[in-house]
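Structure in structure tokens, see below.
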Amino acid sequence: MKFKVGIVGVSGYGGGEALRLCAGHPSFEVTYVAGESSAGQKLIDRFPGIGALGGLTIQKWDAAALPELDVLFASLPTGESKEPLARVSAKTKIVDIGGDHRFVDGWTYGLADVWPEKIAAAMRVANPGCYSAATLAALAPLAAGKMIDPNSIIIDAKSGVSGAGRGGGGTFGFADVNEDVCAYGLLKHAQAPEMTKALSQIGAGQAALTFTPHLIPMTRGILATCYARGKATTADCLAAARKFYAGRPFVRVVDAPPHTKWATGSNLVFVSYAADPSREMIIALAAIDNLGKGAAAQAVQNANLMLGIEESTGLIGSPLWP
Amino acid sequence: MKFKVGIVGVSGYGGGEALRLCAGHPSFEVTYVAGESSAGQKLIDRFPGIGALGGLTIQKWDAAALPELDVLFASLPTGESKEPLARVSAKTKIVDIGGDHRFVDGWTYGLADVWPEKIAAAMRVANPGCYSAATLAALAPLAAGKMIDPNSIIIDAKSGVSGAGRGGGGTFGFADVNEDVCAYGLLKHAQAPEMTKALSQIGAGQAALTFTPHLIPMTRGILATCYARGKATTADCLAAARKFYAGRPFVRVVDAPPHTKWATGSNLVFVSYAADPSREMIIALAAIDNLGKGAAAQAVQNANLMLGIEESTGLIGSPLWP
Amino acid sequence: MKFKVGIVGVSGYGGGEALRLCAGHPSFEVTYVAGESSAGQKLIDRFPGIGALGGLTIQKWDAAALPELDVLFASLPTGESKEPLARVSAKTKIVDIGGDHRFVDGWTYGLADVWPEKIAAAMRVANPGCYSAATLAALAPLAAGKMIDPNSIIIDAKSGVSGAGRGGGGTFGFADVNEDVCAYGLLKHAQAPEMTKALSQIGAGQAALTFTPHLIPMTRGILATCYARGKATTADCLAAARKFYAGRPFVRVVDAPPHTKWATGSNLVFVSYAADPSREMIIALAAIDNLGKGAAAQAVQNANLMLGIEESTGLIGSPLWP
Amino acid sequence: MKFKVGIVGVSGYGGGEALRLCAGHPSFEVTYVAGESSAGQKLIDRFPGIGALGGLTIQKWDAAALPELDVLFASLPTGESKEPLARVSAKTKIVDIGGDHRFVDGWTYGLADVWPEKIAAAMRVANPGCYSAATLAALAPLAAGKMIDPNSIIIDAKSGVSGAGRGGGGTFGFADVNEDVCAYGLLKHAQAPEMTKALSQIGAGQAALTFTPHLIPMTRGILATCYARGKATTADCLAAARKFYAGRPFVRVVDAPPHTKWATGSNLVFVSYAADPSREMIIALAAIDNLGKGAAAQAVQNANLMLGIEESTGLIGSPLWP
């Protein structure tokens, strides 16, 4: 018997990746998909390469009209999740891929590689933001080990354009984005407080951080380059990370700076470290697929945990290369 | 004394390239720029890298409120040129970069490398479409020399995305366009009749052709790969093209298949040929920058001709590489 | 019990994709991998995202030192397969992804969507070239139905750069390839005779064709735009293709021009048609992933057929989007 | 009368850009070009879009066989400049675009926007590295104004691939670089000491810094995102930069985060700032074309200064957009 799965926001990039993963998940049966602009279409009209699910009709999203589901993945624009998701049956587990429920009462923060037990016990999980997923993967072992000054953290992150969502409009047009890089949201990005709260919980102290996101000309991928003050050596950091993530299936601690391409299409996160104790400088790096570990694949991992099945079910495929 | 120049549609890709070229043109003084969405802004707010013209204010486009100009470049969306340009003073020369006046009475078709004398005598010039500019460059020598069966022509063209204009919306978003190629407008693209008419005039016969445009993941450039029936050898074709274009400053006849990157940012067009007489097959290739020879640079060449100055004035810069 | 699988040329793009697919194949156990430059490394050093197979050591390729295998995938440079593969045990099935055995005696041409029975009976299968895989998918129904003049065929194909293989060197460097398109191999590409032979067999007549490959700035994907003379309508062509491919799991006949992105990472091929009977012109289009249907995924489909298991085993994952 | 100019390393990316700029420079006459692999070719065989200089033959680089030149631009691989350039006539001014003479006795560091007078007096100028050019542009006003703790500086820079030079080989192949981002040279990049020395001189103190370069999938452009401790506000930083660069023609101080595309093909550098005094955090940003301000255009600016002509001669063209 398979779990009945629904996806709302299916025609966006995050929802589409959730669909891809759920369609190939051996314990999931996708029985409900919903969207806005695409409502009324068959899935195959939106996803010409989809397999057996192609005949499913995309529903107009209406939380009151949900069928019985074991788990619902929600990938809605910021600000559009709170009201409708509050009306979903308490018996349906929810993973909110969007940003409305992170560190909100009643919701568990879905940092699956760090807090699997908490997630396993939850009915409502708020998936981490894409930047947070990368950043926290790199910094969690250092924060947990009190190896860095929590007030010294700087995160310089580079993201592919799919993170901006599909309705991007002119600003994200190919001709403008190609052959360009820029920073945005300086000192005020919405994921900075999210990272701060998560790091404070992990490190049991009050973190403060500077976060600068950048848009680079690629479709998928986030690289987070993090800087913090600390006396540890490179070897100390690597050892701490290997211990912290021992047995966690999706975190790879590597000796050289990771490439985002290593993770394309997967739930993997690659972390690495370089330190200069003479300057008390630690560099922590993490590379992910922003739609994978940064969105839909982490969401599926969370759902697996919530449903009590092996957390890597449906997530073991190798990344696409090149 | 410099010619007074105006540009309408300045904030689009074609208009912006016209601005770049006119700003560096030694005989032009840009005194008027107009747009729609950008009206009221200073040029420097729209083009942060612009030089001395930065303080110019973008006007709300209004043909009735034009200052006195020697030449006006119009780069407006299809369907929006006819009515307003009809109201421009007869003393102002116009180059319409848009598609509304090609093969329309009272307008000269601005195929500058083929018909410089006609253009030099004109007050109203319709710039060729970007696909036509490439295609005609490759086929004109063969058509003029009756070397190909005018009913056998197939044009398979590959364009960068800037050709779709700036207001492209989601369809031309980076994440969708990157790592993708598709054909569009099969058997019904607007530039097919334009090419047909031009070829018929050049070849003094009735051409019929099949034209398939493709969108490829790059910003600038068009490569037209043309196929036609004919008995000529490769050497015949190259010789015919070299003779046809003798003394023309912007056409380069080359022995190997040309790259679009050879033309980036310039008014150049590279043409080449390969033929298999045993199958009566001739392949004609042309590579251009779609915003250069395919739009703004050809427009400046046309304006130079109309104003009676050396046609390469302001257009001699080398292409950008890489 | 799983089939024992080997891959030679594993560190190239084609071999790497074969590894990805075999690693996730439920009936395959990869027990042998070999390469040249990478020999001696662990798989995980070459493929940091690989899963359980990471500990496998890449062997120095030596046909004489092969372990017992049910099937061997060979992805070697042109000219380097014939001698070593001749020494492989007759009991080991071989799929040669490279170009040395296409239409060579003793080898079956692995056009899996057209000739599954022939392949199912073979011990030695030569995988089609990437361009041929796309072209033949589009043209096979028309050739089989005698709907096109076999002497009128023109194929204009656009390929991502991974088709050139990994050892590309400077010519395929990012800075040169990005923002560029060019044709190459005019009138003399190695896959033209291959397509000719296959089409002649399918159509039971003597085909002659013109093939022009192009390199475009993307990593994966081939779009073949094919032109031929014929009286059929668009509807006729679509109907013929739907009938020809009825029940074939990987061919999708679609009404609009297909995008290569629809196939990324999959074994799918999308074909479509547009015809103008008044000019007796038929356009046939096919979009594939050049490393999927164009190389490794088709190879796995061939292996499945040869091994007598369901041909779509291990190949049902949805394509990556965006 | 024009200055006689030579370029050695002309077939690389930096040398090629120097050629493009010198070819269009109204006071320069390029009379000598040299290379290694390209020696013996005509310029037009290497640069198909070049104009009047196309007939010039690329010489085998030999410092002993130089003609009389007013200025020589050298763009040679690291380690290959010192010996040959020492043999160039003392009467020939040299701008070394390569890395061998930065902060070497007898050579002036060519930070043209900061030290024009020193450069104007020099016969030997070492052009700044591409990363240094961006970084120093952003930090110089803050260092000069003692607005930042010189020991707290972190530079996170993102570069297009042309910075790696043309002989990149497989690592910089399109299929590997596209859809990827990575950091490299952690805590040990050659340009870190260069930046340190320059900043120490500007700020009259001992700077120490952390520098992390990244490779992103674009051809041209560098964005340097710099972090440092300081109490200044955003407005303080912008005001300091505007004062520091008053009258300097190529530095644009802007209010919003700059895009590298704003500078493509030009000598411009865009700098901006964002500060959070409550955390004593200052972010300084600079965007350049790595081959422009980061190499060849800055070299031409330096040559102009050395030759006593207006420093913007030949450098006033607008950037390419899009």
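So that you can tell them apart, the chains are marked A, B, C and D in the order they are listed, and the count of residues begins at 1 in each.
The criterion applied here is as follows: a contact is a pair of C-beta atoms (placed from the backbone, for glycine too) under 8 Å apart; a residue touches a chain by one contact, two chains touch by 3 or more.
Quick caveat, the model's predicted, so the values are computed rather than measured.
Asks: Give the pair among A-D, C-D or A-C whose set of contact pairs overlaps with that of B-D by over half, matching residues by number.
Replies: Duplicate interface of B-D: A-C.
Asks: Using the touch rule from the top, work out which pair, A-C or B-C, shares more C-beta pairs.
Replies: Counting C-beta pairs in contact, B-C comes out ahead.
Asks: Once you find the CA centre of chain A and the CA centre of chain B, what distance in Å lies between them?
Replies: Using C-alpha averages as centres, the distance is 45 Å.
Asks: Averaging over Cα atoms per chain, report the distance between chain A and chain C in Å.
Replies: 34
Asks: Between chain B and chain C, what distance separates the C-alpha centroids? Give it in angstrom.
Replies: Taking the average C-alpha coordinate of chain B and of chain C, the gap between them is 38 Å.
Asks: If a residue has to touch 2 or more other chains to count, which residues of chain B qualify?
Replies: Counting only residues that touch two or more other chains, chain B contributes 13, 160, 162, 175-176, 178-179, 217-220, 258-259, 264, 322.
Asks: Residue numbers of chain B touching chain A in their complex, please.
Replies: 13, 160-162, 166-170, 172-179, 217-219
Asks: Enumerate the contact residues on chain D facing chain A in the complex.
Replies: 154, 156, 158, 160, 175-176, 178-184, 186-187, 208, 210, 212, 214, 216-221, 223, 225, 227, 257-261, 264, 274, 276, 279, 281, 283, 285, 287, 322
Asks: Sort out for me which residues of chain A touch chain C in the complex.
Replies: 13, 16-17, 19-20, 23-24, 47-51, 162, 178-179, 219-220, 252, 254, 258-259, 262-266, 268, 270, 316-322
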